[in-house]
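Each of the next two complexes has chain A plus one more chain, namely chain B in the first and chain C in the second.
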Partner chain A sequence: MSTLHLVNKSPFERNSLDACLRLAAKGSAVLLFEDGVIGAMQNTKHSDAINTAMSDHKFYVLGPDIKARGLNDDNVIDGINVIDYDGFVDLTTEHKTVQSWL
Partner chain B sequence: MEDEGVVKKFCYMNRKAPYGTIYALESLEVVLIAAAFDQDISLVFADDGVYQLTNNQDTDGIGMKNFSKTYTALGDYDIKKIYVEKESLEERGLTADDLQALKYEDEDDDWAEKDSLFVVGREELSKIIDEQDVVLSF
Partner chain C sequence: MKFGIVINEGPYTHQASDSALQFTKSALAKGHEIFRVFFYHDGVNNGTSLGVPPQDDRNLPNQWSELAEKHNLDLVVCVAAAQRRGMLDEDEMKRHGKEANNLVKGFRISGLGQLIEAGIQADRLVTFGD
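Entry: the complex of A and B
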């Protein structure tokens, strides 16, 4: 039972994702949603941040927020699991605590 | 109004992704209202603002109104200068093909359909912004 970290801000706009990846304990999970889904996309200036953290954390991204922004699940960084709202609920119950990075 | 009055150059600067905050929708609302005042309007999309113009937005899953189609109506409001910063697209792994095709009908050219969206480099965009009388930030 580890922590679930929530990031809902774009890495281009805020440093929430950076802070989360810097301080989240090894083995904890990270869920990207709302504008945070931008951080889950391949070939952006910030893609390497998650690529290098992939071995330390499980990554999830909320599919409906990807579609809303005209982005494509196919362009999500390899290894990030695309989930729906039911999956979001499951994650919150499966983890000891939930921490939001605003 | 008999007197046409002073026409100023207005620029709407859009730098945030849609749906996560209210800025994108509010900007669009203000642009549509302001279009009624016959001013010289330019729209700029830079940084995460470029996501406002993406193709295939589908908001069914998040329970919010998809307002992206409204951008295609801007031509009917005589808004035909829409600038997207090239470097912002590149940093996000996007190209012009990921954006909606925005057009207007040129009344001085037998209503020929012409592009109203221009992908411009940082230097050119800097000049465009510098030429404005008023810049409104969203």
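Entry: the complex of A and C
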């Protein structure tokens, strides 16, 4: 029952993913949605940051927002779970608090 | 579980209102309770009745209004944010001597206390914004 962090901007646009990964407590979860899904893609200059952080945090990405951007679930970094809105709701219930990085 | 939803961004700006709407629908379908949806900052523009989006586009204020009617949701627009942006209900219109009002059915205007109360009463407060 830790914190769920919500990141909704691309790491190429804002530094919210970077700030979240730098400051989030160990054991918390991170959901990438809206433009944040771009941060979940393999082989970008931001992929390593998530790969490194994966030992401390669980990562999720919202599938409908990947699809809406013409991106492919197959290109999501290994270890990030692709979920839908029902999964989003479940994540908020499974964690004690929800922090939006706006 | 009881949810409070906060929306800080107007419709058609980025995606906050769309994401919040989908999240709210999913939560309701799963049997959760939505204690309140609070519209703050530019989010108050989600309550306008004067928007005329193209026919093949979604009408976000109406979608919120219809969802509210179906599930008896409490959609609250922040009064200070609304006044600055020209969002008025009939009472506010009369109080400020204006000639029109534009709040969609199902929304109501109230204060920040309603956001605080949602934070206290709800098990989870989820914020959507820019």
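Assume the second predicted complex is superposed on the first by the 102 of 102 C-alpha atoms of A that agree within 3 Å, B and C clash if a C-alpha of one lies under 4 Å from a C-alpha of the other, contacts with A are read in each partner's own complex, and residues count from 1 in each chain.
Just so we're on the same page, contacts are C-beta pairs under 8 Å (C-beta built on N, C-alpha and C of every residue); 3 or more make two chains touch, one makes a residue touch a chain.
In this text, all values refer to a predicted model and were calculated from it rather than measured experimentally.
Colleague: Please indicate which partner A:100 is in contact with in the superposed arrangement: first for chain B, second for chain C, both, or neither.
Modeller: second
Colleague: If you stack the two complexes on chain A, which partner ends up touching A:8: first (chain B), second (chain C), both, or neither?
Modeller: A:8 sits against chain B and chain C alike.
Colleague: Based on the superposed arrangement, let me know which partner A:70 touches: chain B (first), chain C (second), both, or neither?
Modeller: first
Colleague: Check whether A:34 is in contact with chain B, with chain C, with both or with neither, and answer first, second, both or neither.
Modeller: In the superposed model, A:34 contacts both chain B and chain C.
Colleague: Return the chain, chain B or chain C, that is in touch with more residues of chain A.
Modeller: B
Colleague: Of the two partner chains, chain B (first) and chain C (second), which one does A:55 touch, if any: first, second, both, or neither?
Modeller: neither
Colleague: Once the complexes are superposed, what residues of chain A are shared between the chain B interface and the chain C interface?
Modeller: In chain A, residues 8, 34-35, 64-65, 85 are touched by chain B and also by chain C.
Colleague: For chain A, which residues count as touching chain B in their complex?
Modeller: Those residues of chain A that touch chain B are 8-10, 12-13, 34-35, 38, 41-45, 47, 63-65, 67-72, 75, 84-85.
Colleague: Contact residues on chain A for chain C in the complex?
Modeller: 6, 8, 33-35, 64-65, 85-86, 88-90, 92-93, 97-98, 100, 102
Colleague: Per the contact definition, I'd like the list of chain C residues that touch chain A in the complex.
Modeller: 1, 3, 8, 14-16, 19, 22-23, 25-27, 29-30, 32, 123-130
Colleague: So in the complex, the part of chain B that touches chain A is made up of which residues?
Modeller: 16-21, 47-48, 51, 54-62, 64, 66, 68, 91-93, 98
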